[in-house]
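The structures come next, written out as structure tokens.
Here chain A shows up in two complexes: once beside chain B, once beside chain C.
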Partner chain A sequence: MLKFNYKGLSLAMAFVMSLGISWSVQASDAKAPDKVPTPSAAADVFGIAVDEKVKKSTADHSKFKELQVDFKDGPAVTKACISCHTEASKQLHKTKHWNWDYINADTKQHLGKKNVINNFCTSVPSNYKFCTACHIGYGWEDDKFDFTAEEKVDCLVCHDTTGGYKKLPGLAGHPNYKTMEWPPHSGKFRPPTDLKRVAQSVGKTSRATCGACHFRGGGGDAVKHGDLDSTLTNPDRHLDIHMDAKGLDFSCAKCHTSDSHEVAGSRYEPTAVDDKGTLIRGSKDERNAATCVACHGNVPHSGEFAKMNEHTDKLACQTCHIPAYARGDKHTKMTWDWSTLGEMDEQGKPKKIWGSEGKVLYDSKKGNFTYDRYVIPEYQWFNGDVEFTLADTKVDPTKVLKINSFKGSPDDGKSRIWPTKVFRGKQMFDKGNNTLVITSLSDDPKTALWKNFDINKAVEYGMQYAGRDFSGDVGWIETEMSWPITHMVAPKEDVVDCHQCHTENGRLAGIEGIYIPGANNTPLIDKLGFLAAFLTLVGVLIHGAIRYFMHKRGG
Partner chain B sequence: MAERIYIFKRFERFWHWSQALLIIFMMLTGFEVHGVYSLFGFQAATELHTIAAWTLVSLWVFAIFWHFTTGEWKQYIPTMEKVDQMLKFYLTGIFTDAPHPFKQTTVRKHNPLQRLAYLFVLAIINPLIWTTGWFYLFYGSWGNWGFGWLSLEWVAFFHVIAAFMMLIFFIAHIYLATAGHTVTSHIKAMITGWEEVED
Partner chain C sequence: MMKAVVGFITGIVFVGIAGWNMADVMMLREIQSPYGVEETAARIQRNIQSLSANGWTLSGLRNPAKAIAKSGSNVPPVLLVEACSTKYSGPILGEDKTRILSILMPCTITVYKKDDGKTYIGLMNAGLMGKMFGVGDIMAQVAKDQVIFTTFDPKKPAPPLIKIKPGGGGAGGKSADGC
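After this line comes the complex of A and B, so read on.
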């Protein structure tokens, strides 16, 4: 017999796109990772069964003389690394992870982390010491950083397996080499980083190492993406079917494959549609490997789920297979209003207001925030083209500004409906020139907003630092940013049910260019049809009634 | 006194009633798929509708075979003869127990209005509902078949129009089933095969 009540679709999908810099695990911060990362059990962190005698790797780094020294700092470790791995730094020098600089070949837009402006912390220039805690290098503290220096590449932040390596904001990409109070004013102290132990334990990247930065985008755990947070370090199958620590236990790199340290997947040029089938080993095809189709193929459903294959001409896999984001129970930030910053407490000191769930709702440095979890995505047509509002783009302050606008339409033949997180904000802009601004937030003692609380000074310095024209007039503009939702892929029993879209005012209500049976009725035809049927019914009833009474009368 | 004649053979009766059940069920599930109400749930309604459709297709394969081998298809050849009298009968005569203008026989079991109505079902409603339904079922193959230019919206539109025509036919059909020699004589005939006709 056929089964009608199933909820799932047959295959759960791979996760796609997103990469970047990594920052180390925080073993000393109680939570991550749950498995005990001692040097001997190191491989356990990235899911390889550890046999104390026979490790999977052919090299035990603790046996290398080069690593049996007391390193004075990170670059000293890197020098040791590249004495064997001679080409490693040169490879990394070519990547976005290193340069934070990227030109989109199609749109010619000059992107990359150091160039784009977002609606979280907004901009990197003049804030390098702080921001480069997430850079895969050492010592990027101003715009004079030497991008050709091989020893400045940070190998450990991605290849640490101990969890004992952590780059802290303000140290320009270095971990602490001396005992340091962290977080600031917390009364807690981090011991100096044990570089020797970390260096001797290096291994493959893991969810923990990638996540050290990518789970913390936007300034903290779960803040930015919504589909990436620290709960993915050790997820169960409901959070992510592929990364399920007790199941498939994928690392990020399983999908985000790399070649010469160039990692597959990009948010600047995402692959919105992959219809080229599975990416077979040995294939010369150089397309992005971090797509669902690259493993699951173009026709992933079979048997009772075969009808689902007929949805793939309109829908991204993620639309059904990721029913909600921020499903790891962590709150993701949904809005950020900078315009309320600078309000002080009764003593004239900066303040923070916490909400009932322990999240900061107001911070004098940053303004107001809202959060959410288990969030149903907003859906958009998307063809992979993203147009950014850059520092020199003219903006219209009377409208909500799309900082990155997702291109796509039902008619261009290369779009799919994608789930997205839309992050909404209100941020500073140059009212005179109608442009977004670079703001000095953290580094410069005299102007940094988070030290001086003077937005005019902060913007003036930021703009001057970046060599931008500034009118002197700071205003506030409402902005939106879209983030494709592609991680936290649910198991098949948790996919979006048919009726969530096939109903009036369902999930895809308002999306143009699709006919959804059960959702887009044909109101005029329905009215006429039921009216005609009703009149027919009335007609035959009257006819029958007359027959009945005439017959009775006639006896 | 009424005379009894054998009109509907065993297969024909089986065809009629199984088809009736399937069509009622397809209307029930189909209008749910269209979003008119919620009964089975969208997913189950879609799957049940599809299963019923394939069952109906199988039934029709047999029915077409039967009609050709028995020559019964000739019962559906339209005629305009006595159509006016039939209309007049339904509008007046039926109320006064006037004699039925059409004499039912084994070789002419449908009256001229019936022939026209069934022809309308066979020539208009069925082709429309079957073709659009077939396209609906094979949405994923349009491109391969050279129908990439079709839009689901229009296919659904005509499918729904045909469904409404079927609903209207259904209502009228049930009522006219009571318009035989007696209120139940047509219905009995469809069950037993034997129809009571006027002398």
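After this line comes the complex of A and C, so read on.
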């Protein structure tokens, strides 16, 4: 008789159970990757779960030892940046963004922000602390700024991704490092800038970072350009088909490509005509990449729209594809009359008068303004050459002065009809010397116009600061400044309709050197046409009469 | 005799065609404004408030362009200024045969931009409409007030635009109940 071996049975059971447990553990291990919770910001790239930060960049700046510091100011951040990005500041030192200085190779005019005079806040010299809120540097507060200092380049203003970095007027390009009331006298206080957080979050430039200055040119949102304002930070497709946040979502840099930090596209030397076809990114062709043709080519229309290609030898793409500017519900400034500045309220204090659209119509510091939105552009021939009225240009006060003249004609073979915003003003000039003037507006407490309301003192100091001759006699001159309209590109269903030009008094009425069917007429051809129609009618009637009488006779 | 009948019928046809073609122009009026859309609307609002003695109150300001933009399209700016006067609406709403004219209430004045970039004011021809619907006397008064609504004094500064919700109270937010 067999004896039941309890010891053997228990060993066998233990073996089988251990196998089972082992298999189970292996099986669960095999499934482990599916069960690991992925980070909320994770994305799937080639089937591999990737954190959003990893997907966007190969470097997580928050992990950098150099940036785990409580920075005392902006230059301290820059020193940390250039400890790795060793050539960045040197590259930036060669750019227009840094120097605000530019010599036009064709006209030899000395341009750039620090040299030109416009009809908004007029000029930079003697107003550096205020104006350089939009300079990509720190500490440009007078004409002794060191343009070779690497730590003075402001990396954060272009590469911030937090939205928490702002350079305020009056701080010479610095953000606020202490709590500061902003806007002045508003009762609102802005906490110190969290430089550590901003530095650890740097990334690519965006519409918001470029727009921090370019949307606010002229002293406020939507003021200057007309086709650039804060509504482009997060636009829909009807405002801009390229930047549509839910569509193509272009950043500015998508068109305004950069090479060694020099950004394509310039208002000082614009490209009015590009007929060189598509520009392959990476090619050695150094032409402006920020043109329509650079992506869309020379023959952009096809199918039922192919006829439109016959317009491209006369019209810039923007003429049809940007039906109006300031379409994003922000009013753009249209006129500025400095000559009315200085009026005070009943208590003798500076005053502001607000308009129906909620914008300032009168400011004792600045005079009168007007605004508009959804503005139909003014059109002009333009070949890309721009001639500026500079501080030493003699002006004729009996005529409206063009601050910048767009060159071009229907006959030069290199012009197109462009949409423009024409900003009109009335501004200070030297009546004795017939020149535009440099005006001290903001910085010097004793002479600044916005602190003393004395235009003579302000101009006298401004001219002295800039080392220019001043007769002592301030006058007012009417001025115009043109801005090419090239952003806020509408989707195809919203482009300018044919009938808006092909009609009497249409959009292009008054533009010389172009024949527009439906808009233009030649009296002789009209008379010949009417004569032909009349003779045809007479012929028909005579023919009919003859047949009638012949029928009667024959009948 | 035949000639007279043919002439009469031809005349009727001619007048009918002319009337048909001119109906829109006769029933609606369009005036160009020297101001922008917001300022024009604000000045109309101020003029409406100046006629409070005739019972006029603001009853709304609509921005249909904004609604269209939200739904994914794009049109130039349009603002609808809505106003009502119980003095005029009362008698119309008090009669069964004219109560259907409540479809035209509140009185709407539209301010808009066209493709020429200029600002226009659109109004109902109150005088003609009144005659057509048998309330000529009342609407003749409305027509007179409309002239005041759209007469602007350039010496007066631009007033703020009153962003009043449609149906949400009249002048002072109290007296739009009658419309």
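One rule holds in what follows: the second predicted complex is superposed on the first by the 477 of 555 C-alpha atoms of A that agree within 3 Å, B and C clash if a C-alpha of one lies under 4 Å from a C-alpha of the other, contacts with A are read in each partner's own complex, and residues count from 1 in each chain.
Please note the rule applied: contacts are C-beta pairs under 8 Å (C-beta built on N, C-alpha and C of every residue); 3 or more make two chains touch, one makes a residue touch a chain.
Bear in mind that the values here come from a model prediction, so they are computed numbers and not experimental data.
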Partner chain(s) touched by A:373 [first = chain B, second = chain C, both, neither]: second
Chain B versus chain C as contact partner of A:467, first or second or both or neither: neither
Partner, of chain C and chain B, that touches more residues belonging to chain A: B
Which superposed partner A:191 touches (first chain B, second chain C, both, neither): neither
Partner chain(s) touched by A:236 [first = chain B, second = chain C, both, neither]: second
Touching partner for A:183 - first (chain B), second (chain C), both, neither: neither
Residues on chain A lying within both footprints (that of chain B and that of chain C): 497
Interfacial residue positions of chain A with respect to chain C in the complex: 236-239, 323-324, 327, 329, 353-358, 361, 371-376, 490, 494, 497, 500, 505, 507
Touching residues on chain C, where the partner in the complex is chain A: 36-39, 41-43, 66, 69, 72-74, 76-77, 113, 115-117, 157-161
Residue numbers on chain B that touch chain A, as the complex places them: 32-36, 38, 40-44, 46-48, 51, 90, 94-97, 139-140, 151-153, 156-157, 160-161, 163-164, 167-168, 171-172, 175, 178
Touching residues (chain side chain A, partner chain B) in the complex: 2, 4-5, 307, 309-310, 313, 497-499, 502-504, 515, 517-522, 525-526, 528-530, 532-533, 536-537, 540, 543-544, 546-547, 550-551, 554
